[in-house]
Amino acid sequence: MARETYEAEMNALREEMLKLSNMTNRALERSIVILRDRSFDEGEKLIEDDEEINLACHHIEESCLNIIATQQPVAGDLRFIFATMQIAMELERIADYAKGIAVINRKIPPGSHIKPLIDIPRMQQKAREMLEMSMDSFLKCDLDSARRIPSMDVEINLLYEQVYRELVTRVMESPERIADAMLLTFAAHNLERVGDRVINICERVVYLCTGDVVDMG
Amino acid sequence: MTEQTVMKTRDFTLYYGAFKALNSITMDIPVNCITAIIGPSGCGKSSLLRSFNRMNDLIVDMSVEGRILVDDEEIYSQDVVELRKKVGMVFQRPNPFPKSIFDNVAYGPRIHGTRDRSKLAAIVESSIRDAALWDEVKDDLDKSALSLSGGQQQRLCIARALAVEPEVILMDEPASALDPVATLKIEELMEKLKRKYTIVVVTHNMQQAARVSDYTAFLLTDSERAGNLIEFGGTSDIFTKPVDKRTEDYISGRFG
Amino acid sequence: MNSRKLRQNLAYSTMWLACGMTVAILLVVIGYVIVKGFALINLDFFLTAPRGGLSGEGGISSTIIATVYLVITTLVFATPLGVGAGIFLVEYADNIKSRLVKKLVAVARFGVETLAGVPSIIFGLFGYALFVSALHFGFSILSAALAGTCLVIPVIIRTTEEALKSVPNSYREASLAMGANKWETIWKVVLPSAIRGISTGVVLSAGRIVSETAIFYVTLGGSYRTPTSLMSSGRTMALHVYYLAMETRAFDKALATAAVLVVLIILLNLVINTVSRWLST
């Protein structure tokens, strides 16, 4: 086969992206467990582990630049490299949101939350589902899937509004816990932003498959 | 494509005896642009290029079907000498005549009737300037052209072609016999020249085609070993989102 | 010493011997002629005409003039014809589509090859039959030059062909691509490049004419007088050597003439060598 080194480098890049997305997915999962179980030690660990994700993202960027400089990719390969660089950045941001939730957990004093967490975990579930599907469509260049995923974001937005309204109600009942309520809102907002980031990923996948730049927000 | 076209081919087919070398090529060459013709070896790129200025006429047993038009006139209805004045050519290996630099560049104008020495000198100077060679040779135009380096000789050949004031310049792998620095000089020169002329360049070097051209044509042989035009488009489109899979495979280096 | 080494040394010695003998023969012949001949050479020798008759008195002035006259006349006929034919064969013949013309060209090529090997006396007899007798030119510079033309044309055609073929095709392409037509290309690019090769052929022919005897013996006649026109008879230096040796007692004068001839030939060859070396730079 022509250009074996090139193919090997491209495959290695795919592997790294898969690993990065798994790490990000895990971080999201852990962040909600931390928030729900109020485990501060786990929270610190998650914040530390974000460093690993940042390094992985930078390494992917370096690999991409390297391939551009040494292999002069064009057409589909070039779009893949470009999309990879952008999606890696999105994944790193998503991981930052997860870290943000752990930071928020730190700020809320120990004890149970102002209200039991039901919708926030559901938002996280949806977001992780969207993330997995979008990464799958990226690695397989699945155009149809990439086009369908953004509509799932509607659910996350609805859940976010619901969380917001309920927290407002709770604050009106117990005004002294307004700080906690605000922090929880921020956490939910982080998850809502994850959904938006996944939509960005889907836009990059469409670019990868067709060469067209679209806006699916 | 929004530009005007200066040359077109319509279902152009070329035969060497019974062998079909080019199959029904239809394309438009836009004016004041650089159009690159790429494709694997033997796909007919040079044959197509040489058809534009009827250099193929030199081959015994050659026959054509279809049409090529320059300035909307069929090339076989035009006087071949006038055609070659309008459509000049630069070859793969620099081929200056074993004469002085001045006589090389003045050759074309002299053939076409210019005798006045001062006029010739003016034409020679402006052509050599346009070919980005003036500063290197201005002190001794009577030196033999063969004493120049490869890259300089090629620029001299370009100056020679420019001296007859063509509309189109055909370049058959103009830099393939040159070192990288000389190659880059030729590419820069092409960028400058396209403001006044139209350039069609055949190249083996894909990065060169991508760097230098505005439009790219991709040729490939079919099962009968005849060259076909697979895709023609803006260079940035061809190199970021080609339409035909064969184009994508070729430019990604997956064959050829 | 083992047998392999012995064989090698033997071969080496044999070849040395062969080479030595060849050089020796050359030196002896030329040396004898020059040494014996130079004794008689002085300015008078070049400036007086031979007196004719059995005595062999006089010099070689008329023969020098006759030789030069003959060489020039022959080349005037042979060069345009030969170079023209060469140009046609190389530049035009292969592009002709007509079957008949292609056949004619093949015959012409074969003819040129054959003529190059024909003994010069044949040309002499042909020249006698046609020019001297049938056309009533008689023994003259004209008859001899025409016969000489037949003799040297194959050489000129061949060297012209080689010279033209060695001009790179890229020059022709470059010229045509600028809008020159075929003749302009030949006249302004190809011929100037080929001129050195062509001149080698011409100089070779001149040398041939200077050294030929049989062909001019039957076409030039043997007059010892200085030729005054194309129709005059005369004798070349080579012929004079023969006449002196066979018809007079002045064998020493024959050697002197031969010495002059040998020096002339050597000079001509030097010219050819220099020109060829020019070619390869």
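Letters A, B and C mark the chains in the order given here, with residues in each chain numbered from 1 onward.
Everything that follows uses one rule, which is that a contact is a pair of C-beta atoms (placed from the backbone, for glycine too) under 8 Å apart; a residue touches a chain by one contact, two chains touch by 3 or more.
The model shown is predicted, which means the values in this text are computed figures rather than measured ones.
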item	value
Per Cα centroids, the chain farthest from subunit B	A
Centre-most chain, if every chain is reduced to its averaged C-alpha atoms	B
Centre distance in Å when subunit A and subunit B are each reduced to the mean of their C-alpha atoms	52
Length of the line joining the C-alpha centres of subunit B and subunit C, rounded to whole Å	48
Centroid spacing, where centroids are CA-atom means, of subunit A and subunit C in whole angstrom	95
Of subunit A, residues touching subunit B in the complex	2-3, 6, 72-79, 210-211
Subunit C partner contacts - residues on subunit B that touch it in the complex	53, 55, 58, 60, 81-85, 88-89, 91, 93, 95-99, 107-108, 111-112, 157, 160-161, 164
Complex contact set, residues of subunit C against subunit B	94-95, 97, 168, 170-171, 173-181, 184, 188-189, 192-193
Parts of subunit B lying in touch with subunit A, wherever the complex brings them together	206-207, 210, 238-242, 247-248, 251-255
